[in-house]
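Residue numbering begins at 1 within each chain, and the chains themselves are lettered A, B, C and D in the order written.
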């Protein structure tokens, strides 16, 4: 099969780009390993009080279904349960698991999203220990409880919102604790740093936290920091948030049976006693990082950029790369929410259309403004310094462009 | 005062040279731009297949080397996964049969007891082989070893015998004084030595370029596919006749009908993964894997072992084999430059020849008699 | 359906299928990944680690970690978090083994 | 902290990795070649960021320690699928 644009990743960025490309008269194929389109949209379900009245409930699955329907009605080829194992030439996309061995295209758009960062702790290979993303997917998409009694480790915007989702779905969450404080694997996870980060996030985009953590959070967090975290325990939706206890061990023979929590000082040193809490499930949260493998094999230079969540392909503010015919969009460019990814998908489509000399319904500049707007209105911010990261990337991009 | 030697290059050959130098009592500094086995030695297979090797100096070296391998696990007190596995060269076409008959006849004359066996005998010896094979060779003396383990064990043994190992330290240039090499320069320091051994594989020529010395080593890229872990089923090392044909091609300047030089070389690691090679291609210093080459190697593997169609390839890599025009390594001093030695250019024989190469270099540098005629391997032959 | 960990009834309109896990007959919803059906049946251990021998189950849930592998309809090491079961599918914790096959061939 | 698995695919423990760093490994591939971390099915997708953090905190350089280069095939693929034309 030959298409104008091959898109890898059927998440918010990839699907939105496909719709935009097909709507402007070019052919597109979207390929994804998952069994249904939507990517991280599929697990999302939350309320956003700052959104327009008719958009306050964000039902990611519904959004995904609508995008899929739109794409299909525009003739976009969607390949699900298909793994891309190679991209080469300009372009051949080698696929496994489906009927076709490969497709070729003039343009390649990588919207491969992100992977969860592991949070190793003794016992974390036991069945019953899952990532926070898995918890979200099983709860909101599959409607299967991840366990009967759940402890969450890692206190951050994503784990907090998933905790609420678990509660809303009727799952018993026994509590949330800090991740382990090991010197080799537990960087920047002390109680103080955790609270500071939450405060950053709350200050920048308070919507979710105001609602979810209650007014308590915004008002008290600064004081908590100032007073050296004398308040060790918050309760959100009746779930204890242990700001001064870190998970140090997951126990069990064949499955998770309990977790060991260790009291820690504000700077993360063990202080005081340990306790064992019986649970059958542990949810680990440590953030996301961009999945860049295909970009690297396609010849794209990579840049380490912690502000964007890890290593990202060098790209311009319009989603182009230095490799001709290669574009990127979504979390592969830095960790942000679904609405930003969708705006980036539309922007990538506009840039692709422009590169192919096609008139687009939206100009590249307009699409860039939409990305900025989506970022400003994001209900949930994963990385505190995302804007700084974007600026840094643009500077590197400009410097590289100046050199030709 | 003991003899000071710098070894440049931390691959199999450099690590082995450093190890044997410490055994000879030299004061050794091993300098490596990245890490032990980070280049060719970390991107090769485990075969020590000698049955097809043309009788002559390289084969003689290899046989000496195998004798060293047999003692090395005990000597280094490390598991190297050395095993006398025997080896087969599988034959798919009548043309290949003719070539292999010729090869076997030649080897037998030289006293190497390689046999031709039928396709059915090959299947009995190695279950899973395709029924379509028309025959195979078999030699029980072929062996295998884990080149990563050998590299690290040699480097560690050298270190525990007092060698200094500087990783992440590129050798920028050779320091000379009146046509004599007196040491090397790194980004941070000058290291003076009585002798320098350059064991930088495909990167060796670059160090000699400034002196107008042409070292005819050319990188020849080889792909290797790695399968998921499987139960141990491969009892022996296996090459295809096509692999041998491609290996023997000395055509780095001519057009080739099979530009990828694909032939099968398959072995199983202790972990259970299959290492499936290979290709031979002149692509400069490029080490990217190519999906088309990967596919062709996959085809060769499934042709030989139809049931591998159900196995997964979990990764692939390429290594840059240090090719020389006559297929023999360069071991020895450099004419017109005192104090410097080359130990490089082993192409696919580095694994087999690592111990003996290191030992020879140590003897040479320390002025000991290795009892071998090694002039054959000197740079001046080109 | 006898599944104990199903969260709500909204999925009841979905079609039910039967499949086998290590020869045990189980129910699942048509179109959902095998890992979800297994978890709904209270099954957390999908395989044992070939190196450590320890139990392993769902970890990332979206195909990155390869922990939820199982043999599905004769293909070993399929990611169950991505793969819906067919009616009557046969899922096994461990591959029945390429070794056995190889020996049958000889 | 108790020892624990870091590379889930290959069963590589924290202590193995610390030993490899001790021995001179300063990059993700250096760890991988010494103790097999990142050699399994997920190709380091789970453990690589952890190992990189460990290397950074142990070696403390200005630059992030090198990670492994992604190579084709980027995912495990059945030979049957790979050789289809």
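Heads up, the rule we're going with is that a contact is a pair of C-beta atoms (placed from the backbone, for glycine too) under 8 Å apart; a residue touches a chain by one contact, two chains touch by 3 or more.
Predicted model only: the values in this text are computed from it and were never measured.
Novice: With respect to inter-chain C-beta contacts, which pair, B-D or A-B, contains the greater number?
Specialist: Higher contact count goes to B-D.
Novice: Return the chain label for which the distance between chain Cα mean and whole-protein Cα mean is smallest.
Specialist: It is chain D that sits nearest the middle.
Novice: From the mean C-alpha coordinate of subunit B to that of subunit D, what's the distance rounded to whole Å?
Specialist: From the centre of subunit B to the centre of subunit D is 25 Å.
Novice: With chain centres taken as the means of their Cα atoms, state the distance from subunit B to subunit C in Å.
Specialist: Spacing between the chain centres: roughly 43 Å.
Novice: Quick one: subunit C and subunit D, Cα centre-to-centre, how many Å?
Specialist: One centre to the other, that is 27 Å.
Novice: Could you tell me which residues belong to subunit D and also touch two or more other chains?
Specialist: Residues 5, 8, 10, 40-41, 45-46, 71-73, 76-78, 82 of subunit D touch two or more partner chains.
Novice: Give the residues of subunit B touching no fewer than two other chains, as numbers and ranges.
Specialist: Within subunit B, the residues that touch at least two other chains are 228, 288-291, 294, 308, 310-312.
Novice: Which positions in subunit C touch two or more other chains at once?
Specialist: 49, 52, 56, 59-60, 64-65, 75, 77
Novice: Using the contact definition from the top, classify how the chains connect: line, ring, star, complete or other.
Specialist: complete
Novice: Looking at the complex, which residues from subunit B come into contact with subunit C?
Specialist: Against subunit C, the touching part of subunit B is residues 123-124, 127-128, 228-233, 272, 305-308, 310-312.
Novice: Inside the complex, what are the residues of subunit D that reach subunit B?
Specialist: That would be residues 10, 23-27, 29-30, 33-34, 36, 39-41, 43, 71-73, 76-80, 82-83 of subunit D.
Novice: Subunit A touches which residues of subunit C in the complex?
Specialist: For this pair, the touching residues of subunit C are 3, 5-8, 10-11, 31-33, 36, 39-40, 44-46, 49, 52, 54-65, 81-84.
Novice: Can you tell me which positions in subunit A touch subunit D when the two form their complex?
Specialist: Spelled out, the residues of subunit A in touch with subunit D are 33, 83-86, 88, 94-97, 101, 115, 117-118, 120-125, 180, 182-185, 187, 248-249, 289, 291-294, 296-297, 304, 310-311.
Novice: Which of the residues in subunit B come into contact with subunit A in the complex?
Specialist: Listed in rising order, the residues of subunit B that touch subunit A are 288-292, 294.
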